[in-house]
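Next up: some structures, all given as structure tokens.
Okay, so chain A shows up in both of these, paired with chain B first and chain C after.
== the complex of A and B ==
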């Protein structure tokens, strides 16, 4: 099915689709690993459970997206794509280069990412590339729970007194420019022309910001009109924190590539 | 080719599938959960399509293997495939499945918070559940994430007991 759907795309659209799949998969994969950093040390037991589940969802989404990519290209292996690349070859957005930091920072980053990802998924659910449309329809139902959970935490921290609020505000101020990278850094014109993506990423981003504005207004949180960083939204230069995480999540794979577990 | 001793029809395949339990909630079968999308029996070839409940569900391989093992021998060639061609939703859980869940202390899924609306529309939704112990609707979501991806944790304000719900998705 993937092969047939891919054959209807011209070469440029197919290359852009491969990059979109890799970018989305890497976003979910890297975020999933940052989430898993909270296992055992979250501020309350329930968040230990929640972040472990969030991590499992994201890494599951990444696995399915890597599988689509491998099927599209007709070669490779999802595990090899996930674990067998050099750090500079990853295509995740710069928002995911930050470490987990403190709880407010993880909540803020997740909320910004989840809402941007929601806008992106909404633009892919009727994709002309049917295998992606099917997977996205499934992912959206799961992401609903991520959104409502992180929204509840944004309210709790924003209204939770001086310290939680100031930590949240500080985290948002640091994260905003890099958050603008989630809906950028992919060659979207051929995807829109081929009907793979419903609208240009700039329009998706506008929908994201329009959806966020009332939430931020209600919680009186900073909503600056910051520009995304000039270039480098999706690598190849990476933070030391990501290099450390890469060392962690590829450690077992690198010890014996191709081993059967 | 000699004909098999007992002729297998689609009904027999569905009956066999109804004996394959879900590995995480074994009181319900893969048929109760509505995971089976299609059964195609074409002479020597039996093809079954399954819908994953969650993309990252670690039980997917276990379910596929258990289904393949149960159907082995029902046709010369047995194919069991997972597909995302349509999303599995909790609406697919059968009435029987819901009863079995309730009887073992799981609240069956409520209405979907999502449907096909844009995701922002669902941001402040609070999932609801009816207490499987006392039947009260006066319950509160404690954690949308539970011991497995498909389970959420609620608290019943009437009988003052925690309980799990099979998530509405």
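== the complex of A and C ==
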């Protein structure tokens, strides 16, 4: 099915689609690893379980996206794509280069990512590349709960007194420029022309920001006046924090590449 | 933080059964945590999340464990007793038939 759907795309659209799948998969994969770092040390036991479960969901989405990519290209193996690349070959957005930092920072990052990702999924649910449309429909069902949970935490930190609020504001100020990278850094024109993506990423980003504006106004939180970074939204230059994380999540794979676990 | 008791239904048509409890600061997060604890592996089709404070607790032995024999109030006690009496009556009746 994937092969047939791919054959209907021209070469340029197929290459752009492969890059989009890799970018989305890497976004979910790297976020999943950062957030899994809260396992055992989240603010309360219940949140520990919840946040780890969210992180696991993202790794699951990444796995499905890597699988789709491998099927599209007709070669490779999802594990090899996930764990077998050099750090500079990863295509995740710069938002995911930041470390876990404090709880407010992780909540703010996940909120920005989940809402941007939701806007991206909206533009893919009727994709002409049917295998992606089908996967996105499933991902959206799971993201509904992620969004509910992150909205709940944003409210509580924003209205939770001086310290939670100032930590949240500080985190948002640091994250906003790089958050603008989630809906950038992919060659979207051929995807829109082929009907793979419903609208250009710039339009997706505008829809995302329009949806967030009332939330940020109600919570009196900083909203971007800064422009997104000019370049390097999705690598190849990476932060030292990501290099450290890469070392962690590829450690076992690198110890014996190709082993069957 | 307050304690919430969680009830779950395993499949459509089944009863709501006590699943366990959790700590949460409010009902909204309690619902999220209940979903994580008792629903994330698709093991439930419905959850009830109840603040423990809303539960009226009753454990007074004067009300629940009266001191007299009340076996006649139990269906099982009644049915075993009636079976014994019925067997006795049948025995008597049988004897009467033989004699007649």
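Everything below uses one rule, namely that the second predicted complex is superposed on the first by the 261 of 261 C-alpha atoms of A that agree within 3 Å, B and C clash if a C-alpha of one lies under 4 Å from a C-alpha of the other, contacts with A are read in each partner's own complex, and residues count from 1 in each chain.
To be clear about the criterion, a residue touches a chain if its C-beta (ideal position, glycine included) is under 8 Å from a C-beta of that chain, and two chains touch if they have at least 3 such contacts.
The structure presented is a predicted model; accordingly, all values stated were derived computationally and were not measured.
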| item | value |
| --- | --- |
| Simultaneous placement of chain C and chain B on chain A, clash or fit | clash |
| Which of chain B and chain C A:237 touches, first, second, both or neither | neither |
| Chain touching more of chain A, residue-wise (chain B, chain C) | B |
| Touching partner for A:115 - first (chain B), second (chain C), both, neither | first |
| First, second, both or neither for A:46, with chain B first and chain C second | both |
| Which superposed partner A:147 touches (first chain B, second chain C, both, neither) | first |
| Identified clashing stretch of chain C versus chain B [24-32, 60-68 or 78-86] | 24-32 |
| Those residues of chain A which chain B touches in one complex and chain C touches in the other | 46, 49-50, 53, 145, 148-149 |
| Residues of chain B defined as touching chain A within the complex | 52, 54-58, 83-89, 112-114, 116, 118-120, 122-127, 142-147, 149, 152-153, 167, 169 |
| For the chain C and chain A complex, residues of the former touching the latter | 1, 22-25, 28-29, 32-33, 35-37, 40 |
| Sites on chain A touched by chain C in the complex | 44-47, 49-50, 53, 145, 148-149, 152, 156 |
| Residue numbers on chain A that touch chain B, as the complex places them | 1, 46, 49-50, 52-54, 56-61, 63-64, 115, 118-119, 121-122, 125, 130-131, 134-135, 137-145, 147-149, 151, 211, 215 |
